[in-house]
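Supplied in structure tokens, the structure appears directly below.
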Amino acid sequence: MEKKVYLTRRETFAAAHRLFKSELTDEENLKIFGKCSNPNWHGHNYTLEVTVLGEVNPDTGFVIDIKRLKEIIHVNVISKVDHKNLNIDTAFLKGLIPTSENITIAIWNQLANKISGGKLYSVKLYETENNYFEYKGE
Amino acid sequence: MEKKVYLTRRETFAAAHRLFKSELTDEENLKIFGKCSNPNWHGHNYTLEVTVLGEVNPDTGFVIDIKRLKEIIHVNVISKVDHKNLNIDTAFLKGLIPTSENITIAIWNQLANKISGGKLYSVKLYETENNYFEYKGE
Amino acid sequence: MEKKVYLTRRETFAAAHRLFKSELTDEENLKIFGKCSNPNWHGHNYTLEVTVLGEVNPDTGFVIDIKRLKEIIHVNVISKVDHKNLNIDTAFLKGLIPTSENITIAIWNQLANKISGGKLYSVKLYETENNYFEYKGE
Amino acid sequence: MEKKVYLTRRETFAAAHRLFKSELTDEENLKIFGKCSNPNWHGHNYTLEVTVLGEVNPDTGFVIDIKRLKEIIHVNVISKVDHKNLNIDTAFLKGLIPTSENITIAIWNQLANKISGGKLYSVKLYETENNYFEYKGE
Amino acid sequence: MEKKVYLTRRETFAAAHRLFKSELTDEENLKIFGKCSNPNWHGHNYTLEVTVLGEVNPDTGFVIDIKRLKEIIHVNVISKVDHKNLNIDTAFLKGLIPTSENITIAIWNQLANKISGGKLYSVKLYETENNYFEYKGE
Amino acid sequence: MEKKVYLTRRETFAAAHRLFKSELTDEENLKIFGKCSNPNWHGHNYTLEVTVLGEVNPDTGFVIDIKRLKEIIHVNVISKVDHKNLNIDTAFLKGLIPTSENITIAIWNQLANKISGGKLYSVKLYETENNYFEYKGE
């Protein structure tokens, strides 16, 4: 059996969002979500790291062609979140409070069955330089 | 005369914005401002660097107490832009298209006459890891 | 059962320390601990990353409110190590040689039973940009 | 039993390489390996992170003296790849297509039996700021 | 007169090179250029920062459309150096020893008369995380 | 006349210090210098950037051999501050309050007349990721 390598691709996107529940008042939302509930939105430069685990193909020395992985991430994720409003514009986040926890899981769901030559191992999302979130399908 | 040192304080903030002119259609705005004109907003983690130039006080070894500079930046800038919508929520940006060029100049104007013990030398704003803007009062 | 996300908060602190054993001579300490045994101390900007693993609360989209996690880290760790001497000032490090290995484990012990809504998964400590240490309670 | 800590040392090296198979034409190589197959070579600043897992020695507070680990990495890896052509100059890569996957595994093999006081846990290689690869001996 | 802002675009490229003079022996080249003279080449991930100084257009809030600047840099520089051998493949470096000093000046010459809406102010080139070079047309 | 390039070398060092004036009480020092006056010291990982401005030698393509610059910085600065107490161990800081302003100027004075093939243009010192200081001999 071939050896297994973890391959990670890093991408970035810029988006607006708001943390709130429509059934609550602005005041109640402020209490739960703090300044992230600003009704006029705020935004972030998100950094996304997608890790694939797979055997190294002895013919090419690749787990997966990283150009192909980049394309899969762009088609399924970046094109749908970059310069978007995550509450309004992104179909795959509809119905979710766009916390980084929920975005990370939703990105996993967008990618999990699109990877060939390896399996999705981890999705990591940096919301700021001080806060990041990771989902491994557990 | 005492020697002059450039002292820089780095701060960050997260905000939403949209580049557009209200007198134009969405289509016309898209042509000029591209994806930054998304009517539903997008956002960024901005990094701000404020540089003060001044003589070193021989009594303290400081140009300016950096805790005091941090406070000035928070009161006059960060509290007004962090987790805000730069088109709607920020009084000192009213009437401006919130390009990084215009934000940088407006932050300079917020700070220029608030610094004591040195003079404001530069305001630098990173919009993303690939684009940054600097204004020196010229 | 809800899905599990790893949530990480990054903090920094600046501290002095010295690696030595009081029962040894300076020369013997130098032999074991090298320049880190300087009797007059040296110091670092430490970067601390605390990772919590927990189920995403479907009501809020949070594993744990990251502002609450930040507060827990500040009260139990940062306030006791920032701008301190780790050999002298920090009660939770008393009796330990303050190597990064020992500091990392001691920080884990400070935090392990303070986290609610998830369990402490990892404590990572960067001593410099080239050396970092991680403890997972094993 | 003593507690176990993951200790990581980061090093960098600069090298040239080319992804190609000698039995194929330049055109065929271009199809598989893209611009990385440039017959005149290209190169990278690689960042290498070597992680050792081991029990903390109660006598020193160390898993392994990090100066010793640095030395092991320099003798066995850095001296053989820094400012080298990975296809031509590096004996431990002979016969391999120098993809980051293959380099990462080969560096593991260089180091695995050289570490004392802990066991090699992971070798991570950053090819660019956007692509990195990790091997854990699986 | 409108206010002037310094706008910077950051790009990266990966290339191979060798520092040597063809009229010298390998030994003589080694003496002058050290390990950078390796006859089999080595390489780097270069980071390029291009700064344009110009008045802010009151109609758009832009000095120059940064997408246009990115395009100018790609057409005139990145496409000619990325995944190339700087001694062999890059016409605009022909006849030069590809030190970072010479590359920086040559990139300036590629760009200086291509910028509209502002003038080229600085070209900065990071060869490694520890060495960088800047040319301002002086 | 040859073209002029700004060449920068980055180095790091780890040191302890305390901001205080011996003629004041601990209380008075606390009032002026805050937590930086901790009598038991604290410390930092400092990052130092030394910039030399000079004409490019047409024979080598160098302003100055960067290995030589590194050596000059190590002999005159790093060897005297790394893993040291800046108040006690460093002769070139004697009699100074070791604020970053004063350290930056003192490092300039250590280096200014040691550089050949160019002149010292700037000394920049990062005390933390948020605070940095620059001196240009003014």
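Letters A, B, C, D, E and F name the chains as they come in the text, with residue numbers starting at 1 for each one.
Keep in mind that, in the parts below, a contact is a pair of C-beta atoms (placed from the backbone, for glycine too) under 8 Å apart; a residue touches a chain by one contact, two chains touch by 3 or more.
The model shown is predicted, which means the values in this text are computed figures rather than measured ones.
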**Message:** Just to confirm, which listed pair, B-F, C-F or E-F, duplicates the contacts seen in D-E for more than half of them?
**Reply:** C-F
**Fill in**
Relative to chain E, largest Cα-centroid distance belongs to chain C
**Request:** Weigh B-F against A-B on C-beta contact pairs and write down the one with more.
**Result:** A-B
**Request:** Could you put a whole-Å number on the gap between the CA centroids of chain A and chain E?
**Result:** 33
**Message:** Just the number, please: Cα centre separation of chain C and chain E in whole Å.
**Reply:** 41
**Asked** Could you state the distance in Å from the CA-based centre of chain A to that of chain C?
**Response** 28
**Complete:** Listed in rising order, chain C residues that touch 2 or more other chains are 129
**Fill in**
One finds touching chains in the pairs A-B, A-C, A-D, B-E, B-F, C-D, C-F, D-E, E-F
**Asked** Which of the residues in chain D come into contact with chain E in the complex?
**Response** 12, 14-17, 35-36, 38, 40-45, 82-85, 88-89, 128-129
**Request:** Please name which positions on chain E make contact with chain F in the complex.
**Result:** 19, 32-34, 96-99, 101-102, 104-105, 129-136, 138
**List of chain B residues in touch with chain F within their complex** = 3-11, 56, 60-63, 66-67
